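Same chain, two partners: chain A is paired with chain B first, then with chain C.
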Partner chain A sequence: MSQPVEEAIKKIFPELTLTSWAQFPAIEISRDSLLSACEKLTTHPDLRFDMLVCLTAVDRTPRLEVLYHLRSTTHGHELIVKTELDESQLEIPSVVSFWKAAELFELEVYDMFGITFTGHSDLRRLFMPDDWDGYPLRKSYKASEVADNYLKSHQLLIN
Partner chain B sequence: MEQHIESHIIQSSDDEFIINVGPQHPSTHGVLHLQLKLDGEKIVDLRPFLGYIHRGIEKMSESLTYKQFIYLTSRMDYLSAHINNQACCLVIEKGLQTEVPERAKVIRTLMAELTRLASHQLWWGSTGLDMGAVSPFFYAFREREMILEIFEETCGSRLTMNYCVPGGVMNDIHPDFVRKVKQLIKQFRENIHEYDELLTGNPIFQSRTQGIGYLSKEDAIALSCSGPVARASGISCDVRKKNPYDAYDRVSFDEIIATEGDCFARYRVRLEEMKQSMNIIEQLIDNIPTGEYRTKIKGIIKLPVGEYYQRVETARGELGVYLVSDGSNKPYRIKFRTPNFSNLGALKPMSLGGKIGDLVAIMASLDLIIPDIDR
Partner chain C sequence: MDVIQKQFDDFPGEVYQDKSGHSSIIITQIDRFANWARSNSLWPLIFGTSCCAIEMMSAASAKYDWSRFGFEVARASPRQADLIIVAGTITLKMAPVLKRLYDQMPEPKYVIAMGACNITGGPFMLHSYSVVNGIDKIVPVDVYIPGCPPRPEALLHGMIKLQEKIKNTKAYVIEKPKK
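For the complex of A and B:
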């Protein structure tokens, strides 16, 4: 929002292009450099992103975007970090060591999108049952078909 | 289901044992299932199990139009139903670049503050109930009933009002609205000292909440806490102050911050917030602008391709709505960053090392609404 954060990002990550997501500045980081970038984002005195406001994903088949909404409580600025994953390799390093809130957020994204967070100590289905097939928020998951199949397999469908 | 729980059971040694709290337990205020590892009475480990009331609101929203999905959000945090609706309307208006009439802005803000009052009153009553004090519940419902009657007159419904629509509010306020709100504020101001006499000053209540469930400022930031939970740990995070929406930029009120970080601090923050809500209502109630209560919006809403975001302060903290539009008449992806989901993470650092009896006080001070966690 404010000018200083955008300048700081340009200075600290000169190789990245600054875009925007809704009203926030945004940067795209590759999966391999995510952890080293998080290190800089949390510790650099001009950034100090100490709060992970939200962690979510968007299914843009065939690629999935993982979004990290960061905020600094000392400077008051905000940033969206975006990482793109290919549908065939849905793995991303866990950021629990930087923000404790990620522990729950990552479980939700794993449950809804099937993205595996390597390094998460307790990766499990959070909302869906353990033996559930498919990941509900993926675009390939058709809720009406799933419901029909469930009813058919349990012989609950009338006609 | 049994297998599901067994496979996740916390490993325990001989002198420790596992106890399940919930999903049907009165102190969890809903279907939250906690697994505790105990050493005697001391809590050594805690794991939440969720999904008992997961309805897939985010998935359902993807197959509903922009005007339809708003009604689902009333069922997330049902005690802040109006504020949830407000967030969705604001994000759609942002996408359409529509300016809402002044009258609608003020009515929305008034309703949001009345919602906050009603929610905090219910919380106050049930907090007493959780700790064995039954009578506060009836005192809390005395004023809450007046608020719900005001809602019913204007919106036709008491809890999930669905009063907010893109462009303004559904209907104009009831002719009796202003008189009744003034009467409510007058009565509540006269009665709020009873709240202090019944609970705040009660030695049993104080000994059960003071120094219990400590949450440090660092933990609250790292766990992304918001609302009264974060403010009781010394974080200034009121969205109404930091990113004012609707009519919050024209009212003056204090952001209540405490630094103790225990259950009693969270209790006091909410109690003071009720007084601030009354201040906001008093500033607005005499100055409701005349004019339209809603601008005309096309029957079929299509947001331009892009991303939209809006945050509001519900009774429990920061609700963020992330909306991705592909240009069609339905949202491509919608994400609700709900305050209860991140506040739930604070339960573990608060209760580890404490007694199992304290868990009830901690749950009461967190004020969790489970449908808001599961969505």
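For the complex of A and C:
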């Protein structure tokens, strides 16, 4: 079943291939064109994605994916936007200027995956302690070693 | 003086009373007497970090009622408590807090590790970046209560075991449990 949002996406982004993931339509946008695409996604009258439901990342070593789940409260349609990053260059422009909700989401992704959001005003550790070593949700992360080192460096271990 | 011996089941020693009932004599050992007093009046610290805490609250409530065994005075300050029931997952961020609370408690002090999380890390044992795998890494534990979560009966059983343990130690020598 073709939904109106899919027609609109095809019309507005003719260069992108529209796939679907679970029941949602999905598009993949390169890092460089992310901001201009977000501009169209939020302002175009046929799209009006005014709500960022979720911003998350997936580690598919050696690449990392950043996922934006968008919803339009005027039209009621949804879309997933994917951006792929190379492990050697984990930088992506922040989308806080389009969706205020991205502020905390980006902090979380930075905390867990180490992806730097350029343009975010206050990028810092959100859940993990400030002196934490590494990014826990990366596939290459050795969780138990880091945990033991943390206890040791804070002098919490007995005998 | 004419005295008669009184019978008390749980008192560790002999109690005598004279005919008039005004003066009594107790013959006991100071260790046994102190331990008897101590073990029947353990003041637990209110410290629950996740789901196991719900079972701990239930054990304190009317249905299970741990005051029957002398635990009713739950304190919110570690300075006034002598038992810490660690009920719930201890994360690495919480570990310094647990350690500080334990250090702030006056001697003699006891620790109960309630639930799988506190014994080995439980459901978070493997590949977890955030959970302490067993609180006995950071504080000495007296009684371990397995379960996820343990039922209130299990908690009461563990606390009664702790009382037994206290009754069998030297009262004025602080013995830290060995790992």
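The rule is simple: the second predicted complex is superposed on the first by the 145 of 159 C-alpha atoms of A that agree within 3 Å, B and C clash if a C-alpha of one lies under 4 Å from a C-alpha of the other, contacts with A are read in each partner's own complex, and residues count from 1 in each chain.
The criterion applied here is as follows: a residue touches a chain if its C-beta (ideal position, glycine included) is under 8 Å from a C-beta of that chain, and two chains touch if they have at least 3 such contacts.
As the structure is a prediction and not an experimental result, all values here were calculated from the model.
In the superposition on chain A, contact is made by A:Phe24 with chain B only, not with chain C. By the document's definition of touching, of the two partners only chain B reaches A:Val53; chain C does not. Judged by the touch definition given at the top, the superposed model places A:Pro136 against both chain B and chain C.
Touch criterion met: A:Leu126 reaches chain B, while chain C stays clear of it. In the superposition on chain A, contact of A:Trp99 is made with chain B only, not with chain C. Of the two partners chain B and chain C, more residues of chain A are touched by B. When the shared chain is aligned, no partner comes close enough to touch A:Lys11: not chain B, not chain C. Contacts of A:Arg63 after superposition on the shared chain: neither chain B nor chain C is touched.
By the touch criterion defined above, A:Leu151 reaches chain C but does not reach chain B. Of the residues of chain A, those at positions 128-129, 136, 141, 143 touch chain B in one of the two structures and chain C in the other. Taken in their complex, chain A has these residues touching chain C: 128-129, 136, 141, 143-144, 146-147, 150-151, 154, 156-159.
Of all residues in chain B, those touching chain A in their complex are 1, 3-4, 7-8, 47, 50-51, 54, 56, 58-60, 63, 219, 221-224, 235, 237, 242, 306-309, 318, 320, 322, 324, 332-333, 335, 337, 341-342, 344-345, 374.
Interface residues of chain A facing chain B in the complex, by the touch rule stated above, are 21-24, 50-54, 56, 58-59, 67, 69, 73, 76, 99-101, 103-105, 108, 112, 122, 124-131, 136-137, 141, 143. Those residues of chain C lying in contact with chain A across their complex are 92-93, 95-96, 99, 127-133, 136-140, 179.
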